[in-house]
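Consider the two complexes below, in which chain A is the common component and chain B and chain C are the respective partners.
Take a look at the complex of A and B:
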């Protein structure tokens, strides 16, 4: 128990209130919402939050180095459109990853070398990519090759593939953050940039890598979503930028850098997914659902203690 | 780095170049656009078209006033999208039907002030990140308005607001006059009053400002209230221009990004910059003119979005390189 309490000031971002949110939600929903605990709904829930979970892990990586990536949504939309209309997956998938890499490099370059504020930099790449996506495919449509649905949304021995993919991403990033030099450097840069630099951490390179990883995870989420909806939609990702930020804030990741982890990103995505799923089951209007999410975001952000005022 | 042309008393090419390169991107961009329009699309510069473009720029110009002051204080206001939509709905829905027009206008402005004050409290007292707080506020209001509009759809905008938004006096549109009537006092206030100096000080170094006894949380709070106010006025001008209430969640949402683009084009960045109000105001005009210019060449939404992202990035990069 003492160890659990001490966790609240550790760098993982986890604390008892944050762990209590999803637990409380599960208890409330099992008693109040009819059909929540059914196997069908739980499987549905997992496939709903898989994409958000993957994006949230990327967003958390950027948040560790005091960044913010609003462009993930546009990357997701672009990827679904590319896959749906681009032809052979052997060609489109590597192309999507190359684009993700370029977006990440560009964001990172603007933030580090040109010292543009992350919001402005990723806002402009978000807008630009949304334009590119609309030019590529103005309305939803196209056809995603069948192999995507086999790999992306099938079942093996009753386990949905979405679960396998999100667990793979989560494990890979846990190892990267906790057991690699790069992970340590990420926390060092976020904790105190100046002393990280004085201790020989290549601050710019680490920051750029964080943005690249975030964009690559957005590409993976886009591929998964394309498999799930089986067509391209130029606006499908629009809500992901904010939703991923809401998720990591709910999970206890500090946007001021240095505090966060894969588990906290997953807990946050789970909480947000449970809230949406619960409101669906309780029959709340979709417009009020977005209002409620905004309200929850405000509460979650205000609960974080930080010193700076403003951005 | 306050180089201006007066430091170079004799005419020299170098001095001129330095002075020109020191101008905000908005001035150069506007000059470039006007020349390009003069060559390729002279009709855009005819009196009738030019006045229409000015009228179109007025709502954005109003938003930019508040946004530029907020950004000078190292904060940002993304809630203006929600304020515009809500002001539009308040002005056009049946809830206030029996009341005189000025009461409806006051209600919209009061709403803007309240949202601004809420933003300010959450940002200064609860230390929430301004980006997320204001964006979340916008989402909350957009959701509520769209949900309400399903029960009570919006109707027509009251005549007085329509007169402000699209009326003319001696053939000159009224909306740009209202815009200028706000620009001048706010510009003077930022230049000459204690409040303006405090805004500069807080932006330059919040920590130093706090230590020197400047009530910097109050200043931050006031800038957000001001931004809520200008957003409500901008929303009213837009509603008057459109004439009918709209539940299309797209209305005014492009103005949020454009207001930030105009501020950055105007040479203001987080924490200061070389221009106060004039640069961003010119930036607002430049963006509106640019979109008309692009439309005249047959660009669609996709091309405009790409252009917008590109311009924000270029303006921010130019500023970033100058600071290095």
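Take a look at the complex of A and C:
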């Protein structure tokens, strides 16, 4: 319990109000929305959230180094179209990862070496990739090889694979952030770039790596979504850029760097997922849902306390 | 002086062949833009010795350290460590050669724990993962040696400034290094902590390490160091042994002028009052204070850190909106006008009052704008937004010439100037605005001795021409040397008042420290 109270001045981004959001949402939805607590809906919820969770972990990694990645959505779209039309998965999957790597390197290079603001840099790669995707495949379609749905959306012993994949990503990133030199350096760069450099942290390399990891996670999310919808959709990722930012803000990650963590990203994605799912069940119009998300982003940012760790 | 230098040069040339020089920086030069930060400097560090590197701000001390610590690369010149030529590519690289540094800037990361901060960049690993236990255990040992009462898993962001400084020192000495750099390590330390630092430095010396101690605090230089190297304007002036020099001579070498010439003569306060603070309660629960600032007067408020002097000056000008105030500003022709700091700083600055905040970089200057623009803003102060800006080139030029600003041109950005020149720009802005009252916090913080003298002279001339100056400073020598009248502040109260002529450091400190409240009427 003492750990729980002390959490608010740690760098994990977690605090009691932030943990309370999903709990409150679950209670509210169980009582108000019919069918929320059904096994079918919960399983549906998990597969809905899985992609967002994976992307949010990447977005959080970039946010740790004071960055922002709007291009994740376009990467996702491109990946679904690639695997839907590109033929053998033995070829398309490595190709997708290579593209993700390239996009991340480019974003990171622009932000560090060219000193372009992260929003501008990733906005331009977002639009560029969106254009490429639409040229490649203007309308949804194609065929995703069957192996994807086996690996991506099946069940093992009643556990949906989507859950397994997101847990794998989460565990890997938890270890990376908390028990690797690189993870510590991510926090250091976010804390103060100049000091980090004076203390021997290779700031640019760490920053570029964060963008690369974020894009790679977007690729994984894209592969998962392709498996789920079984076709390529050039627009499917469009909402992921802003959704992932809203999610990490809801989870307590500070967009100005240095504070955040895997758990906080997951909690944030869960909160946002519950809100969407709830609004669907309650029959809220999709247009209103979009407005609601915009509103939530502002509220989440305003509610962040800047002084949590003296940053 | 010449003879001293010559004998020194001989000494250095001897040392060059001397194998006991652990660190040799040979003919190192470094420029930033057009400024030569270091010009052909040769410095040698021996084992088991503490070398002071001193000089005014901007003399190149910190640049020298950054080059030897791998943060900056020299333009020309060579570095040798144990006789082997080295080229550092990063701070980490230098550390691998056994060079450890405590930088002047507070370089702790607020979101990292103390242990993590101490081992950042050289984290202990166990089977490919961070070894937090190892980090905490080692860090604990050093922290205990230094004697800071902190826990290893605290985030550095919650530490006080002096604790941060001590942790930073701890970080420096945990390194398994043979060469140590300390850049102004005592800026935030109290006396006991400085004593402890002395012990640590002595231990390092006894252990045969090479220590460079960068400071302009003469007392510590003479206390800690075996030899003293003086830099001036990026050039090597002299390297002398401690025994062969005294404080006055050292200052002469640093500034090129004796110390007593630093302060201008005391002035004569006129009968007429410029600022009449009938009553002021700066913040909730603070005692009421009253003061009268006369024309022609330099009035100083002195107190130990956090005794309320800062709040008083800030609430007169409205940066802090006071709880209650009754302040009259009396203009040159004798018209009293009520000052309303409750309405904020903008309304107060309209009343011919200038204010120079302690942190000029954040609170005072527009670092990305040019000298001209920063000064000319003073003339625009009371103009309506829709008015076109008048041409102030001539005025700005005159003012900055009078203040002997050292800049390539008035188009240079203020951010690239040295601290002293930045402060001159701050002053120049208010002179351009034609104010008759100046409120100044820490007039010469981060300002080198040469520029200090110039700033003091400007303030004296300003007062002599009928201006009034209210100063808050933490530097006792400055308060005594600069101010005609000094008020000692303790716990928000005025506990004593003395004229600059009669003031002694001991007398003022007694009031600043002691618990004898003698009323607050001045």
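Before moving on, here are some points about what is shown:
By our rule, the second predicted complex is superposed on the first by the 302 of 311 C-alpha atoms of A that agree within 3 Å, B and C clash if a C-alpha of one lies under 4 Å from a C-alpha of the other, contacts with A are read in each partner's own complex, and residues count from 1 in each chain.
Throughout what follows, contacts are C-beta pairs under 8 Å (C-beta built on N, C-alpha and C of every residue); 3 or more make two chains touch, one makes a residue touch a chain.
Keep in mind the model is a prediction, meaning the values are calculated, not measured.
When both complexes are overlaid on chain A, the residue A:250 reaches neither chain B nor chain C. In the superposition on chain A, contact is made by A:294 with chain B only, not with chain C. Legend: residue contacts after superposition of the two complexes on their common chain; A:242 is shown touching chain B, with no touch to chain C. Residue contacts after overlaying the shared chain place A:180 against chain C, while chain B stays out of touching range.
For chain A, the partner touching the most residues, choosing from chain B and chain C, is B. Looking at the shared chain after the overlay, A:138 reaches chain B, while chain C stays out of its contact range. Of the two partner chains placed around the shared chain by superposition, chain C is the only one that A:200 touches, whereas chain B remains out of contact. By the touch criterion defined above, A:258 reaches chain C but does not reach chain B. Overlap of the chain B and chain C interfaces on chain A: residues 309-311.
Across the complex, chain C is touched by residues 9-11, 175, 178-181, 183-185, 187-188, 190-192, 194-202, 258-259, 309-311 of chain A. Listed in rising order, the residues of chain B touching chain A in the complex are 73-76, 122-124, 126-133, 135-144, 146-147, 150, 206, 216-217, 220, 257, 260, 264, 269-270, 300-310, 312-313, 316-317, 320-321, 323-324.
Across the complex, chain A is touched by residues 71, 90-92, 95, 103, 105-112, 116-117, 120-123, 125, 129-130, 155-158 of chain C. Chain contact summary for the complex, chain A toward chain B: residues 68, 110, 114-117, 119-121, 123-135, 138, 242, 245-246, 249, 255, 285, 287-295, 297-298, 301-302, 304-311.
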